[in-house]
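In what follows, subunit A forms one complex with subunit B and a second complex with subunit C.
Entry: the complex of A and B
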């Protein structure tokens, strides 16, 4: 399967040049860009690991691209995403978030059904990779 | 213009009999609205021979304390405070028999946290008043003090996006079609295909409640199977707006509870359930971590005609205060009524924290929203992937684009239709962020994206000639201001 979280997962994987343009867009808006990675891509896993702090004062997309590539060197088999934070009043949240690295194989998720109360079902989505191995050894 | 007489003895003012509304204290061109006043602008069409100022004063009177005759019991109250005051009357540009009447109401006239009370006061009686041919409530300005008595959207755009983990692009939805007649099992099939193909949401239609062909529990059970299967297939959070509208509030709560038990992230109501019911279910949603989608069923009966009724911009304001997270607000380019600038005005009202006066968008007052959460506008009705550049240009990122026919009617199936829309959307956002002029280059951007996405190529081919070019009935009447050189 292909994990389709993030703003651009239905497009072909982005080139570095394309990533640079999107980062420049975010920086132009005054958003702080940061890099995060995980080997637990469950849709409810909000907190991917931080690759350093959000780059609040960086205005050059090349600096972000450098961090992405450093992160890729260490976590080539993980998911890596770029997120942009908008600190302005009434937003104060992520405004753009897209995946820039994926493991070569994406086994995906299975749906566990717990049948309760007659026909009702309680559903649990489980990651094959996260269920099979501990963190850091999954992909 | 003549001003109301400044002073008259109380004995004279309260002598039994009938008196012009203008003479009763409901008209004062020197009145300066207070920061805490609730302001309205009405479009009035007086009957032939009725003076516009007297008609405007009558609207102020009949929507506040007046009745048709003098009553001595006024003198038991601080009556001047409670009288609404018409403080400005302007001719409507291009409409010789119509006037815009500006009326100020003291905040003490209204119960806190009650859209019912606002509407009962402002539109309760006066719209049937005989001396007027027609009356339309164009806009309202609510003071911060009054806004702060409302909860506002139970979730809001920011928290909805954080919960769904979806940022940087409009969300995508589709209404299940045919809207009536599918069994629960077949209905859930449409939901599964559309969500797996790439949509974020599917939606019940306004009149899907609990009918002989599909009772509500069947629909909820099959829909949630579909939602969860699609989540597992994509690794994304998905939702379907389960319409909980029903004949009684008890039934509405029962359906909402069942949606929660099954793990739905969102429920839906129709505007016709009424303002109290909307405020109640919004509080329930805040307590239960639920997003609340509102279908504006019925609004066109009173919002569409320019001369009479209530503008949708007022309804949008009321609904943000009442606490809905999503509201259908028009498409401009689709099959339903919507002048582009007027529609943008509705979107501003839903999403901005401060909405400046902007007559070309039909907005008559500066309106601060006092940090009430933002409501997500929904564009739905007769739109398709080939219009993606226009939709993104008009409405920006923070909206839901709903392609019902434009997903389910795809020649190679629902999943393909959903994928076509998602690819078109992401490609357009991507191009805009790169700095491209999407309005000019939109068709080319879509064609390029279609090279690696056959479903998009098919969608663009099937719907290439579909447009709905009809004149809008509800457009702003204003004279563009000339900027000094």
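Entry: the complex of A and C
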């Protein structure tokens, strides 16, 4: 199951050229671009690991593309996303985020139903990959 | 060839690129520096022709534009480097036209393993623009074989070679020390296409520079002061530690101080705007440079 999340979740994965254009757009707006990776891409997991430092002071997408490629080399089997943080007052939040790398095999998620209090059901979304194995061995 | 030769409208391409305006502005705002301007003109011509070649399907390898600026103190190396980013951006060679100005401290780390990330960080910041390394010879310290400068140099060389379309590197420094730097790092010399030497200024050029500086700050010379300033320049050029335009700037800063003191001392008299703007001869003549009685005599 192909994982989709972030700004361009409805599109096929962006090419490097498209990533470059998006990063240039974010930098043009003055947003800090970050590269993040994780092997626990649960929709509720907002805390991905930061690759290096946030790139506050880069003026050109070439530097970000370089970092993305470095990150891909190390975490080829993880999910990698690019996020752009808008530091301006009243925003102070991530304005743009999209996936730039995914593992070759994506087993996906399953829905766990837990019957409580008689006939009531509690639902939990669990990742096949993350369920059984510890961090670092999931994909 | 079967088809008729296609004509190429170089004149129109020149007009459209806005290069003419960039070069005219350079001529207007920078005094002297003839060889430097000539080289910039050559680079502009090359980039324009390359662009035309690409449009007509001819191969055009992006040229190497790494440069080295050498010259005595105060000959305008940093000023030109600052403009170079703008010029190359308008010629369409670099994408964003910003300049990152660094010295040894910004590139070389303090302990093992510190240098590489530091240098890479700076290089990433400069991508799409110009990286200006002032006093580049400090990167290489032959007297200390455990110096981390060499590591920074190696990373620089690698990036200068592989990322030519992402970044232009300009090295600057005094001529003799740069020469020594290049002899001990032959890789650097061969990777730099343009070695530009900044000549010393003539007295007349320095006078013109001085007046431009004053105008930019909203001052002007009285006619007497102008003559005195010419004498001052002649005298100063003979003295040791003469640093071309930088000496002129310092002299003018001191003249402004003296003007302020003079105005302050005569404060009972009403002042007009003209008084605030005008530098009089006495401010120039009070300089220690003209202390030699022979120099005070009108030429």
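Criterion: the second predicted complex is superposed on the first by the 138 of 139 C-alpha atoms of A that agree within 3 Å, B and C clash if a C-alpha of one lies under 4 Å from a C-alpha of the other, contacts with A are read in each partner's own complex, and residues count from 1 in each chain.
Convention: a contact is a pair of C-beta atoms (placed from the backbone, for glycine too) under 8 Å apart; a residue touches a chain by one contact, two chains touch by 3 or more.
As the structure is a computational prediction, the values presented were derived from the model and not from experiment.
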| item | value |
| --- | --- |
| Touching partner for A:34 - first (subunit B), second (subunit C), both, neither | neither |
| First, second, both or neither for A:66, with subunit B first and subunit C second | second |
| Subunit B or subunit C, by number of subunit A residues touched | B |
| Touched partner set for A:1, first subunit B, second subunit C, both or neither | first |
| Subunit B versus subunit C as contact partner of A:55, first or second or both or neither | second |
| Subunit B versus subunit C as contact partner of A:78, first or second or both or neither | neither |
| First (subunit B), second (subunit C), both or neither touched by A:101 | neither |
| Common interface residues of subunit A - those touching subunit B in one complex and subunit C in the other | none |
| Interfacial residue positions of subunit C with respect to subunit A in the complex | 95-96, 98, 123-125, 127-129, 163, 166-167 |
| Complex interface listing, subunit A residues touching subunit B | 1, 3-5, 7-12, 18, 21-22, 25, 41-44, 46, 83-84, 89-98, 108-111, 119-123, 125 |
| Subunit C-touching residues of subunit A, taken from the complex the two chains share | 55, 57-63, 66-67 |
| Residue numbers on subunit B that touch subunit A, as the complex places them | 158, 161-162, 165, 167-169, 198, 221, 224-225, 228-229, 231-237, 261-263, 353, 371, 374, 419, 422-423, 426-427, 429-430, 433-435, 449, 452 |
